Each structure stands twice: as C-alpha cells, then as structure tokens.
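Pasting the structures here.
Two complexes follow with subunit A in common, the first pairing it with subunit B and the second with subunit C.
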Partner chain A sequence: MLTVWAAEAGLFVLVVAALLAERPLALTATVAAVAAALALLRLHPGLRRTLSAAFAAHPRAAWFGGAVLALLLPVALRHSPYWTFVATMALLYVTIGQGLNFQIGSAGVINLAGAAFAGLGGYTVGLLTVTAGVPPALALLAGPVVAAAVGALLFVPILKTRGHYLALVTIAFVFIFNILVNNLEFTGGPQGIKNIPTLRLGGHAFTTPLSVLGLTLPYHANFYYAALAMAAVATLAVWRLHNSWLGLALNTLRDDEIAARCSGVPVARQKLIAFTVGNVVIGLGGAFYAVMVGFVSPPDFDFGYSLAMLSVIILGGVDSIGGIVLGACLLIPLPERFRFLHEYRLLLYGIVIVLMLLFRPGGLWPASVRRYGAGGAVSPR
Partner chain B sequence: MSLLETKDLTVRFGGLVAVDQVSLSVDEGETVGLIGPNGSGKTTLFNAITGLYPAAGGEVVFRGERLTGLETHVIARRGIARTFQSSRLCLQLSTFDNVLIGLYAHLRAGLWTALVRRARFLGEVRSALGTVRHLLELFNPDLVRRGFDRAGELPQIDRRRVEICRALASRPRLLLLDEPSAGMSPEETAELMKDLRVVREEMPGLSLIVIEHDMYVIEGVSQRVVAFNYGRKIAEGPFAAVAATEEVREAYLGREEASSA
Partner chain C sequence: MPAPEIVLQQAFNGLMLGVMYALIAVGFTLFFGVLDVIHFSHGDIFMLGAFAGLALLGLWGAAGLAAAPVVLPLTFAGAMLVTGLVGVAAERACVKPLARSAPLMTLLATLSLGLVIREAILIFYPRGADPKPFPALLPAGGFDVAGVFVRYENLAILGIGFGAMIAVDLVINRTRLGAAIRAVAQDPDAAQMMGVNLDRTVDWTFFIGSALAAIAGILNGLYYSEIHFIMGIMGGVIGFSAAAIGGLGNVYGAILGGLLFGVLQTMAAAFIPRGSEFRDVVAFAVVMLFLIFRPTGILGEKSVERV
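Showing the complex of A and B:
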C-alpha cells in the first residue's frame, strides 16, 4: 500500500515540477528527473513488476491516493492560475475524449466532427443563457441534449457509409457547422456569443477565488474541481457501458459486422446508440467549455479541434478508457508548456497521429480485454 | 413437419443464377450433408437462408414461419446459427467475448442496468459466463482457462471450436456449418468429428446442415446428403446412394466422354 502511495506521490511531484519549472536549472533538473524515471521503469523489469503487483494488490488504496492527489493539484498550482486553467482543459479533453472514443474506438464509427458536437453543446449554452436567460447550470445540461439531437442528422450517413467515407461525411459536417455559426445572425456570426454568465454553487460564483484549507486558490480552481467531477463521472459511465453487453456488441460489429448480425445483434440500432451516447458526452464537454471561458465563437470549434480530440485517442489508445485519460493529460499541456510548439499545434497533433499509427498503433496504454468489472467476481474460477 | 424448408429458393447476382430453384427440407434432429464442387452455390444457400443475400424467388420457411425478407439479426433470433468458411472470430476480443456475443439474444441487461443497477448486471455477467464456460468445456477445458486471452492467441482448431461455441450459445434449433474442416490436417479433422459428435449428444434436438468437401466427414456425420452443381440440387439421399449417382460423379470428375474424346 505504501509502495502505491509512494509511486503516486512521486508521479505527482514530477507532474507539478514539469508544469511549474521556469528557470533553466529547474527545468533541466525536471526533464532529467522525468527521463530518469522513465528509463528506470523501462530498464528495470523488477521495479515494473513490483509496482504493477502493488497496484493490483491494493486497487482501493490506489484509487484513493489518486483521488486525493487530483484534488490537491490546484493547491500545488495555486500561484499559477494559468496552469490551473490548462489542467482544467486537460480534464475537459478527458471528458470529450471518452465520448469520442466510444464512437471511434468501441463502435468503429469514425466521427471527425467532435469539434462540431462540442460546439453544439457550447453554442446551446451561449444561446440559452445570453439570449433566453436560462440559468447556466440548466443550460449546461441542455447542451448534451442538443448535441445528441442534432447528431440524428448524421444517422443516415452512419448507416449507409463506413470507414473513410463516413470520416469524410463527418469532416464535411464540421465545416458546415462552422460556416453556419459564422454566418447566421442568431449565433452572433464571427463575433460569437459573449458574456455567458458563470456557474454558481450555493451563492458561490465560479469567478471568485476559492478558499480551501485556509489557502486562497485562483478562481480557475472552481472550474478545475467541476471539470474533475465531470471527467470522473463521464469516465465511469463510459467504462460501465464499455463493460456491458452494449460494449461487447459494439466491439463485435466493429471487428466483423457479418458475425455480429448472424449472432442476432441489431447492428444499425447499436451503432446509432453508440453515436448518440458519444455525442451526449462530447456535448457536455463543449457546454462546460462555454461556461468556463464565458464566450463561444466559431474558431473555438473548428476542424483543428477535431484533430486534437482524435490525437488524444490515438496517443492514449484506441478503445482504451485509461488511455484516453493519459492521452489528454499528456497532449493538452504539452503545447502550453513549450510555447514554441503552440504556433505549430496542428502540426504536433498530425505528427502524433502519424508516429503513433506507424510505431505504436495500440497507443501508449493499449486496450485490454473486457472483464466486466469487479475482478474476483468474474475471473475464471 | 420439417424444421426448415426452402421452396424453389433462387438467388441471382446480375445474370448469374447462384442458387436455382432449390427445394430442401431438414427435419428436427437431422444432420444433412451438403456437397458439390466449388462455386456450386452451397455457401450462397446459407447466405440466403440467414438473410445476408436477398432471395430473387421462392421462400424459406422455418418452424412454419416465412423468413424470406427478414433481417439477418432477426433470423438469427428465430433460432438459426451458423459458422463461416473462413473464420469470422474477433481476434482482438477475448475468447469469452467471442462466445458471449452468441448469447446476445438472451442477455437482458440494458444500458440503465449496466450503468446503475450494478448488482443485477454483475449477476447476469456471472450466469452468462457460466453458460459460456460450460460450452467451452465440452470441447476443450483448456479454453476455459484461457477465456480472457485474446482469440487471436488460440491455435486454429481451437478457433474453430470457439466459433462453433458462439453459434451454439444462442441455443439454435438449426446450425449451419460451412466447411468446418477447411484448412485442417487429417488429425485435426478427426478431432473435429469428435467435437461434432459431442454437439449431437449435448443437443439431440438440434438440426444441422454441414457443407463439407471432406467425404470422410460427410459420411461420418450426416444422415442424408444433398449434392449441388451449378446452383441446382442434383441428388439427394443416403451418402452411399448419392455418391454413386452418375450426375454427382460427373460434377466432381467430369464427363467420361469428354475425357476420352
């Protein structure tokens, strides 16, 4: 148990150091420490075995430790609102990535319109709060509903096309979405929608600093905790669906549609369910983005963001729920950390996709076989 | 009354008549062997029965009900399961998953149960895995031990067994086996014969149609043999009688005049 916590604490220190180190010396030391840790893991199979045995033996302690550290992260980052914001963005991409991965990874429904569905959630929040005066919390829940409902427009292409052809249809959908919000009157055109009111929780506005344990955290920490809860719920929900008969049917029809049909799986229906579930989760992420930054505009949801979402999946591991968390937490902070990369973000995502597909198509954390939950209960004998 | 009946079933691909007015019946508990040269329409007949190909004419009646025009997954749920000539296992998925999908029509837990009512869902998982284990054990107890290994890690004969288990998991009334011995050594084929006998003993009411090129298998398992050539049924009866028919010999060996001329 102590091994687990020590490993988690070590990882936490490395992450915080990697985010905050500014001076050349500190930065060099951090890079060296990260490299040393990776090399140690790679070259020392004994250590790897010890660690994985420890995590397997104490799953509860591992979850508990991980949760505590995730809650402590804003405290460690309290002098940097910027990095708190970036960490929140990473959590947002965890949520969106889980939804998109359910479509692309589990069901093989290649959806490159992730940005459009996030945009539908975001614009729904903008329109409902600013134009119609709906409370933000309520609008936040309406976002996913609208994303799923508009997603029904793509039902026919999903059933009639597959693989690359479906990918092309969904790419077209992102562009149509962008052109529409750019040109329509009620979506604010290129200006988008400004002054989206922020969330409140029992009188505490999310734009005011947060006090925790006698420490004052930047207001971004409010959103961090909300995004953490959202990502946790989305990940748990998707994990349960993946480990259900739906997940089994989706994986089967993804790998061999004829075998699935001959086994009695209503393939069309299951694909549409997967697509809709994914859009709900993606739309929720987009809606959260809108209340967090307070405005939405067309460039926030252009095709580049679809690419970013896709590269999160491919870096982490297609159809791997843990992989999505890892992918988002690596890929979102990276271009922020190295400012020179920021200009070339799209290039970075493209390179990540190509390199991973060439050298490690399963991702950094490849999908494992489905075990349907509660380890002992369903293990073979 | 027979379990399955095709009446003048016809399948066309453009101008080609792949299955030509085939009338065939299978009784409950009967095993029918289906033979004929490559391209004679045997697999196409399976695809037409299971709804993968639309029938251009005629009909399929199963347990007194017309199947023609129904979707494949609906036909599967009525009690017809099949295997394929070239394996259609999902090699990335576990052995258990590959058999569990066969149970799909009998699984009750929907999204809500999986998301929220965990005790009920895990209960169904346990009982479903129990059924799967029992099936795999009939063929090879080792498959149960390797249940959470990916199907791609299994040897060829075990993959074929898993495919048969997947088909049996749906508790079908009729099982269509498309060349189960394809690509197997004589030893493996002998194993397969044993497996088919196990199936017969476990499920005496099950009817089978077996497509095979291996006459040893056909002779060993089938009570009745139907021979195909150019999409038509050319002979039907006990193995020895069909094998002795002039037309069948011609279909396999060519016409005697042609070879001597």
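Showing the complex of A and C:
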C-alpha cells in the first residue's frame, strides 16, 4: 500500500515540477528527473513488476491516493492561475474524449464532428443564459440534451453509411455547423456570444477566489473542482457502460457488423445508443467550456478541434478508458509547456500523431482484452 | 424565377470551380481505387501545388522569362513534379504502411500529415501567413454567346482542366501502366500474381493524382488571383465530397461530382438569399443527402463488400 502511495506521490511531484519549473536550472532538473524516471521504468523490469503488483493488490488505496492528489493539485498550483486553467482544460478534454471514444473506439461509429457537438452544448448555454436568462446551472444541463437531440439528425446517415462515407458526413456536419453559427444573427455571428454568467453554488460565485483550510486559491480552482467532478462522473459512467453487455455488443459490431447481426446484436439500435450517449458527454464538455470561459465563438468549435479531440483518443489508446485520461492529460498541457516552440507547435503535433499511428497504433495505454469467466477481471452486468 | 441567361451564366461560372474540384476529386478516387484509403492530405497537396507554382513563377521572373506561353507550361510541369514527388513520399511514409489497418487510422494519419504540410508552408514559405497575390497570366477580355459572357481566361481554365482529365483517361485506359492501375484496383493479389509490380503501380498512381492536384492549385490561383495556405482544408473536403458523390474509385464519377459541386455552389450563391455566405451549407447538405439516398455515389463504388 505504501509502495502505491509513494509511486503516486512521486508522479504528483514530477507533474507539479514539470508544470511550474520556469528557470532554466529548475527546468533542466525536472526534465532530467522525468527522463530518469521513464528510463528506470523502461530498463528495470523488476521495478515495473513490483509497481504493477502493488497497484493490482491495492486498487482501493490506489484510487484513494489518486483522488486525494487530484484534489490537492490546485493547492500545489495556487500561485499559477494559468496552470490551474490548463489543468481544467485537460479535464474537459478527458470528458469530451470519453464521449467521443465511446462512439469511435467502442462502437466504431466514426465521428469527426466532435467540435460541432461540443459547440452545440456551448451555444445552448450561451443562448439560454444570455438571451433567455436561464440560470447557468440549468443551462449546463440543457447543453448535453440539445447536443444529443441535434445529433438525431445524423441517425439516418449513421445507419446507411459506413467508414469513409460516414467520416465525410460528419465532416460536412461540422462545416455546416460552423458556417451557420458564423452567419446567423441569433448566434451572434463571428463575435459569438459574450458575457455568459458564471456558475454559482450555494451563493458562491465561481469567479471569486476559493478559500479552503486557510489557503486562498485562484478562482480557476472552482472550475477545476467542477471539471474534476464532471470528468470523474463521465469516466465512471462510460467505464460502467463499457463493461456492460452494451459495451460488449458495441465492440462486437465494431469488429464485424455482419457477424454481430448474425449473433443477434440489434446493430442499428446499439449504434444509435452509443452515438447519443457519446453526444451527451461531448455536449456536456462543450457546455462546461462555455460557462468556464464566459463566451463562445465559431473558431472555438471548428474542424481543427475535432481533430484535437480525436488525437486525444489516438495518443491515449482507442477504446481504452484509462488511455483517454492519459492522452488528455498529456496532449493539452504539453503544448502549453513548450510555448517557446509556439510557432512549430502544430507542426510537431501533426508529426507526433503520424508517428504514433505508424509505430504505436494502440496508443500509449492500449485497451486490454476483455476477460470473462473464472479469474476474469470483468464480467458483463 | 431568374432569367435563363443568368442561370446559364452562373452555371458557366460554376463550371470553372467544378473543373478544379474535379481535378482534386480524381486524385482522391484514384488513391481509393488502388489502396482503398482516403488520402486526406491531398487537399494540402493541392495547396502545395499552388505555392510551388507561385515560387516557380518568381524563379522564372528572376531568370528573365516573362512570356506567358513559355512560362505557363514550365510552371505547370515544375509544380506537378513537386507535388507528384511529395504525394509519393506521403504515400510511402504514411499511407501504404497503414493501408491494411482501420479506415480511421489512415484518415487520421493523412489528416495530420496535411496539418504538417500546411504548417510547413505557413512557417517556411516567406510570409506564409498572408494571402499571396497570384499573377494573371491568362489572356484578358472575352466575348458574348447567347447572353453569357465568356472570358478567354475561363476558356483557358476549362481547356487546361479538361485537357488534363482527358490525358488521365488516356493513361488509364490506353497504357500498360493504366492497365496495371485498373488491375490493382480490381484485385491487388490477383494483379500481383499476373506480374503487376504493386509498389510501383501504387507509386505512379499517387504521382499522377498528386500532379493533377498541382494543376488544380495553379488554376485556382489563376482564377482567384490569390492563394492562401489554408485553402487546402476546403479544397480537400470539397474534393473528397465530389469523389464520394461520384462514387469512390470511379474516375468519371469524380469528374461528374466535381462539376456538380461547383455548379451547385455558384447556383446557391446566386439564387438563395445571402447565398454567398450559405453556399457551402447548401452544397454540404446536398452531399449529405446524396450519401443517405445513394450511399455509394452516382456511378457506384468500385467494389463489393466481402464477408
């Protein structure tokens, strides 16, 4: 149990150091420490075995330790609102990534319109709060509903087309969404919707600093904790679904639709369920984004962001719940860390994805094979 | 109801766009034919073609060449060579190695590769972020036929575009290479058993398709007299749409799809209120409807599904 906590604490220290190191000396030391830790894990199989055995033996302790450290992160980052914000964005991408992965990874329903569904959630919040005066918390819940409802427009194409053609339909959808919000009057055109009111919880507005245990955290910490709760709920929900009969059926129809149909899987219904569940989660992420930054505009939800969401999945691991968390936590902060490469950021980003796909197509944390029966880790519920 | 001349005029204008789209779409469809993949960086190769053309024009200018009849063919040839080689490099590096994995993988790899090409132009081309003026090299002026004003420039674009398509058609239907391409498209394994060099055929297909994108890129520059590094995104999406409405793998379908898309866009821009803003919405909505009601395109996809 102590091994688990020591490993988690070590990781936490490394992450905080990697985020906060500013001076060249500190930065060099951090990079060296990260490299040393990775090399040690890579070259020392005994250590790897000890760690994985410890984590397998004490899953509850591992979850508890991880949760405590996740709650402590804003405290460690309290002097840097910027990095608190980046950490929140990473959690947002965890949420969106889980939704998108449920569609693409689990069910094989290719969706390149992730940005459009996030945008539907975000614009719903903007329109409801600013134009109709609905409280933000209520609008936040309406976002996912609208995203899922508009997603129903794509039901017919999803059932009638597959592979490349479905990819094209969803690409066309994200372009149509972007042109429409850019040109319609009620969505505010290119300026988008500004001054979205912030969330309140029991009289505490999310734009005021947070005080806990005598410490004052920047107001970004409010959103961090809300995003942490959202990401945790989304991940848990998707994880339960993935381990259910539905998840198994989705994997089956992804791998071979005809065989799944022959085995009695209701292919059409399952695909639509997967697509809708995914859109709810993606729409929630988009709605949260709108409440957090306080405005929405068309460039926040263009095709490029669909690709960024997809990259989270590819980097982490297709159909791997843990992989999505890892992918989002790497892909969002890293480019911010290497801002001195700012100009070359997207170039490197593209190269990294191509290299990943060529040499590690399963992602950094590949999905494990389902094991059922005696001694199996999961059994469908 | 608008006057018939206006409709005809718009249709003619749409034909200009359509020719460029068709040239891009033929590339998409050829690649799909031989490898069953969507090579999404093709849109950015189209953009690269336009920039290669512009760079070459600067080079010829520096060398003292100015006469359009000399400069134009040289520019086309040079840009086609550049994109052709880049296309083959792209195929070798990240299309063929992934051709047997899930469609999502190649789609994403080539989308990312397109991002790399786009960013490379943005960063490494001098002042790459700005729209670049493209010199007017085609003859000015025009004449009137039945109320439709025809520019010489437009005729030249149509001539070059259709000339290129006819040349590709001849290569595919009348040469040994073309026979090999058709054989690989039908059945790669059987083609190899009959002595077709698979790798070389795929390389040539990518060379031809990417060279066509360069023609489309330069024509695009000549038509709009301006090029920009982000034009590849829309070019790629439209080219892919055109190939899909025509039926992936079918060259004539791609040409038809490209022309249809161009005409649809200009018609929507002209006859729908605020159409210039919503023309792409209309065009993409039609693409979606097409894929729903004719999921394999107008002329049908080349293959059947095997179980």
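The rule we apply is simple: the second predicted complex is superposed on the first by the 360 of 381 C-alpha atoms of A that agree within 3 Å, B and C clash if a C-alpha of one lies under 4 Å from a C-alpha of the other, contacts with A are read in each partner's own complex, and residues count from 1 in each chain.
Criterion: contacts are C-beta pairs under 8 Å (C-beta built on N, C-alpha and C of every residue); 3 or more make two chains touch, one makes a residue touch a chain.
These numbers come from a predicted model, not from an experiment.
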Partner chain in contact with A:Ile258 - subunit B first, subunit C second, else both or neither:
both
Please work out whether A:Pro266 is in contact with subunit B alone, subunit C alone, both, or neither, and reply first, second, both or neither.
first
A:Pro135 in the overlay: touching subunit B, subunit C, both, or neither? Say first, second, both or neither.
neither
Look at A:Ile353 in the shared chain and tell me whether it touches subunit B only, subunit C only, both, or neither; answer first, second, both or neither.
second
Both subunit B and subunit C touch subunit A; at which residues?
258
Looking at the complex, which residues from subunit A come into contact with subunit C?
104, 108, 110, 156-157, 160-161, 163-165, 167-169, 171-173, 175-176, 179-180, 182-183, 258, 303, 307, 310-311, 314, 318, 343-344, 346-347, 349-351, 353-354, 357-358, 361
Listed in rising order, subunit B residues that touch subunit A in their complex are 50, 52, 71-73, 76-77, 81-82, 84, 88-94, 97, 100-102, 104-105, 107, 109-111, 114-115, 118, 121-122, 125-126, 129, 133, 144-145, 147-150, 166, 170
Residues of subunit A touching subunit B in the complex:
237, 240-241, 243-246, 248-249, 251-252, 255-256, 258-267, 273, 277, 369-374, 377-381
Inside the complex, what are the residues of subunit C that reach subunit A?
32, 38, 93-94, 97-98, 101-105, 107-109, 111-116, 119-120, 123, 233, 237, 240-241, 244, 248, 274, 277-278, 280-281, 284-285, 287-288, 291-292, 295-296, 307
